[in-house]
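The following pair of complexes shares a single chain, chain A, combined with chain B in the former and chain C in the latter.
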Partner chain A sequence: MGGPREMVLALADDELCIGQNLAWWIAVGPFLEEDLALTSISQDELGHARALYGLLGDDIDALAYGRQPHEYRSAHLTELPCRDWGETLVRHFLYDTAETVRWAALADSSWEALGAVARRALAEERSHLRHASGLLSRLLRTEAGRSQLLPLFDQFTPLACELFELPPDCAADGLVAAGIIARPMSDQRAEWQAAVDDTLAEAGYQPQWPEHADPASAANGRTGLRSPHFAALHAEMVEVLALDPTARW
Partner chain B sequence: MSEGRSTAAMEAAPMSTAAMEAAILEAVSTVCDPEYPEITIAQLGILERVSVSDGGSTIRIELVPTMLGCPALDVIATDVSAAARSACMGSDVSVDVVFVADPVWTPDRIAPGARKFMASEYSVAVRSSQSAATCPICGNTSLEHRSDFGPTPCRSVEWCPSCRNPIEVVGRVDLPAAMGAAPISPAAMGAAPISSAFA
Partner chain C sequence: MRSWDSMDDFEAFLDGGGLVEPDDDMPDAYREAVFRFIELHANSEYMGGLTERDWIAKAPGLTNKLTALAKTQDEIGHAHLLYMVAADMGVKTRDEMTADLLAGRTTFHNVFHYRAYSWGDQIAIAYLVDAAALASQQAVFKNCSYGPYKRILRRIIAEEGFHMRNGEELLLKMAKGTAQQHEMMQEGLDRWWWPAVQLFGPDTGPDDVLLRWHIKSERNEVLRDKFVQKMVPQLQAAGFSIPDPDLRQDPETGRWISGEIDWDALKAAIAGRGPDSARRLNDARLAWDGAAWVRSALDEAAAVPA
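== the complex of A and B ==
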């Protein structure tokens, strides 16, 4: 199960990092509903991370917090500390659109427990995507929204493509053959790009998609290389544990 | 039996697996939800299964989380474990409380009595696949959706145009619909109605 486990670890690390990053918005959202929305989504993503780590072992805290930085497999997009709400919204849209495609490809997994988690998560994902695309569609009808948000897509899409990369030791072809995932990651990425294109077409915009990922230039969180933002994110996550390793909530 | 064994252990020892499962099920059924301290996890549909194996020494209790990220899960698991142990009356047992992803919890799992109680005591409405959410204050059944995200992950916020109160509704609007086999694509999901809070 080396390949599937590596894949699940990467997906779980994505959820952990973006969940932690979204929690930053607690009490500082631009309006009350948005404050509640981003932090509720944060809770959901952390719950998804927990469920995925639970497939890999019993000590979820050790998996989530106890590894060395090079042992994490998160995509760099999820590690970014979006402190600008527009950046947060664009990343949220790209991420939750991607997640919906990824979960759907796992819903009938031959790894039954993984399939169950995927179906459960997918049921929660609808409200995330409705939130992201609802806000985005409305803001893109305004000139201010277009001028501020559209450039962010070209900033984030290269990073977001990594959401459809798998760790190198995953044997991705084998995952499809074994029925762990229903479709190759490249097919999933194409569906995701088309969905993003559809939404942005409403605003008359075509985002720039990078050509097939170049291993030399692509972000490589999946190989264990952490972005410059990871250290601070991780330090925040383990702040209590670092003070008292026996602390319990 | 040695003289050193407690009376409780002697009583527990001859229990059949089925009787033990029934006793534990009865005990953990009384565990209440931290959010609604008068409503049990059985009434909320969180309690799924109790099984006993290894000749009565291993207990597995399966719970269905309302949401995977519900922050009350640890509290519930701790309470359930304690209730199961007390039902075993001091016997040396291993208790495993697990949250299962399948089946998916929906508001349909909430017992009718608990729904009434949530409406009357907490002013919280429940939307099920069979019935619309009813305003717990005035009984209006035409609530207006405001936001998928409310004070807890499992509650959305709606508005009653009749009595002009904000209403919390258990179950994000489409959780029951998500149970069906409907194909899911990002495009279709993005086209769903969006919250009027952002109008």
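== the complex of A and C ==
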């Protein structure tokens, strides 16, 4: 693929994995209102995946489900199952904060169809972020919330940094020059990190950010290396499809 | 607040098409009966969501996944609305209803005591169970005397109609699909036919207060028969068989007559002794208990100003 198409594939794969993992929460959240909220968000994310794959080809299911694991470009954070609700909330906050920054940098893309997807997604992302931030700030006012959630930030932030990495063959520098993205991923990552810091500062907490000499060394998912969680996630996604590749469902 | 001098006056009000509202001074027996009915409906929507969720992750393709997710979200949305309407009746709080459900002190519909084993089962649920539930809900809506319930049934029925049509569409795809798809669908129908027929319940007794008080508007056996008359020819036309060896057609009227219905299976399921009852409730309990800290922390946060 190369260039912007590789970038779009990575973003689409992030959305596919996040959407799949969030869908798990239907009927098993802390209360029904929360089940409804998380599954609305899941539908939005899967809808973004569909729109992004649609920029790359007509057969969306072949792109979403027809590749071998090493051909996916998802960030490892999105592949985590997060079957504990606290884990899901922390990832939701980190991811949707990141998405708000990433989509904003694509909203005026010179790839017009991508810009249109980004503008639609941005409006939804803001409501996702309100949901995550609202719950987080209320829970961080309690001792139980702080003890459950704060350690998870240190666990997840190193993985979350990968959300601002791009696949090695997409020539990231050229994307800014070509007007595909408004500013470098490193700038976007700095804005995201500051937003996360601000929210956690309200709880008197400073997350530990990884210091990579070479940030790209953390970008494992973008190179095609899959996390240990991906196999189960992917097996589930394709279980029925794999029964008979000629069948139409 | 309206009140009635006697049960006769109250029943005359109901017979005249009157709608009871939550702040009315309704007879205790009516309040209790309507509450129990709505609580059962709410529990069933919630447990229905748990039944379907096994196949959302595995739904073939993005469109099916989004549709399955939206459908299950509708069911949970119904449960949410119904629990709020039930709680407004002042008999139990939402938390009490959840605790009773998870402890097995209250019940939910028989069909949600079974497990969905395949994508074919998932379709059979949409096609058979949603159709059966829709028929029952339409009959309640038609003449429902409790205002808040009638109003949310309007929305529930509209959404269940989409679910049933989605089930029809997916069933036809399986009918026209590969041999493996056809077989998978037939197996799903074999597993879900009888639970769906049993969902309507045994014949309505001679003096059912739910009929007298205009909660139900139709007898169970009438609704069940309509279901059988509609489903048998549809399934046969799609090339599927009905797992009822004694099913026969009356040569004169052309009506389909089911073989004997196993009401013990219905009773066992509702009593929590169905094939998947234990796992279903255990999943729900684990989820509820696992997130207890979230509920109590949010309560605590609400009590302290920001």
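Just so we're on the same page, the second predicted complex is superposed on the first by the 236 of 249 C-alpha atoms of A that agree within 3 Å, B and C clash if a C-alpha of one lies under 4 Å from a C-alpha of the other, contacts with A are read in each partner's own complex, and residues count from 1 in each chain.
Please note the rule applied: contacts are C-beta pairs under 8 Å (C-beta built on N, C-alpha and C of every residue); 3 or more make two chains touch, one makes a residue touch a chain.
What you see is a predicted model, and the numbers here were worked out from it, not measured in a lab.
Student: Figure out whether A:Y65 sits in contact with chain B (first) or chain C (second), or with both, or with neither.
Tutor: Second partner only, chain C.
Student: Between chain B and chain C, whom does A:E87 touch in the aligned arrangement: first, second, both, or neither?
Tutor: neither
Student: Does the superposition put A:V117 against chain B (first), chain C (second), both, or neither?
Tutor: first
Student: Quick check on the superposed pair: does A:D187 touch chain B, chain C, both, or neither? Answer first, second, both or neither.
Tutor: In the superposed model, A:D187 contacts neither chain B nor chain C.
Student: Of the two partner chains, chain B (first) and chain C (second), which one does A:T246 touch, if any: first, second, both, or neither?
Tutor: second
Student: Should A:R141 be classified as contacting the first partner (chain B), the second (chain C), both, or neither?
Tutor: Only chain C is touched by A:R141; chain B is not.
Student: Touch test for A:A23: chain B only (first), chain C only (second), both, or neither?
Tutor: It touches chain C, and chain B stays clear.
Student: Once the complexes are superposed, what residues of chain A are shared between the chain B interface and the chain C interface?
Tutor: Residues 33, 36, 40, 43, 46-47, 50, 135, 137-138, 249, which sit in both footprints.
Student: Residue numbers of chain C touching chain A in their complex, please.
Tutor: 46, 49-50, 53, 56-66, 69-70, 72-73, 76-77, 79-80, 83, 119, 170, 173, 177-178, 180-181, 283-284, 287, 290-298, 300-302, 304, 306
Student: Where on chain B does chain A make contact in their complex?
Tutor: 65, 67-71, 74, 99-102, 104, 146-151, 153, 157, 172-175, 178-179, 184-187, 189-190, 192-195, 197-199
Student: List the residues on chain A that touch chain B in their complex, please.
Tutor: 19, 33, 36-37, 40-41, 43-48, 50-51, 97, 100-101, 104, 113, 116-117, 119-127, 129-131, 133-135, 137-138, 191-192, 194-195, 198-199, 249
Student: Mind pulling up the chain A residues that touch chain C in the complex?
Tutor: Answer in residue numbers: 20, 23-24, 26-36, 39-40, 42-43, 46-47, 49-50, 60-61, 64-65, 84-86, 135, 137-139, 141-142, 144-145, 148, 236-237, 239-241, 243-244, 246-249.
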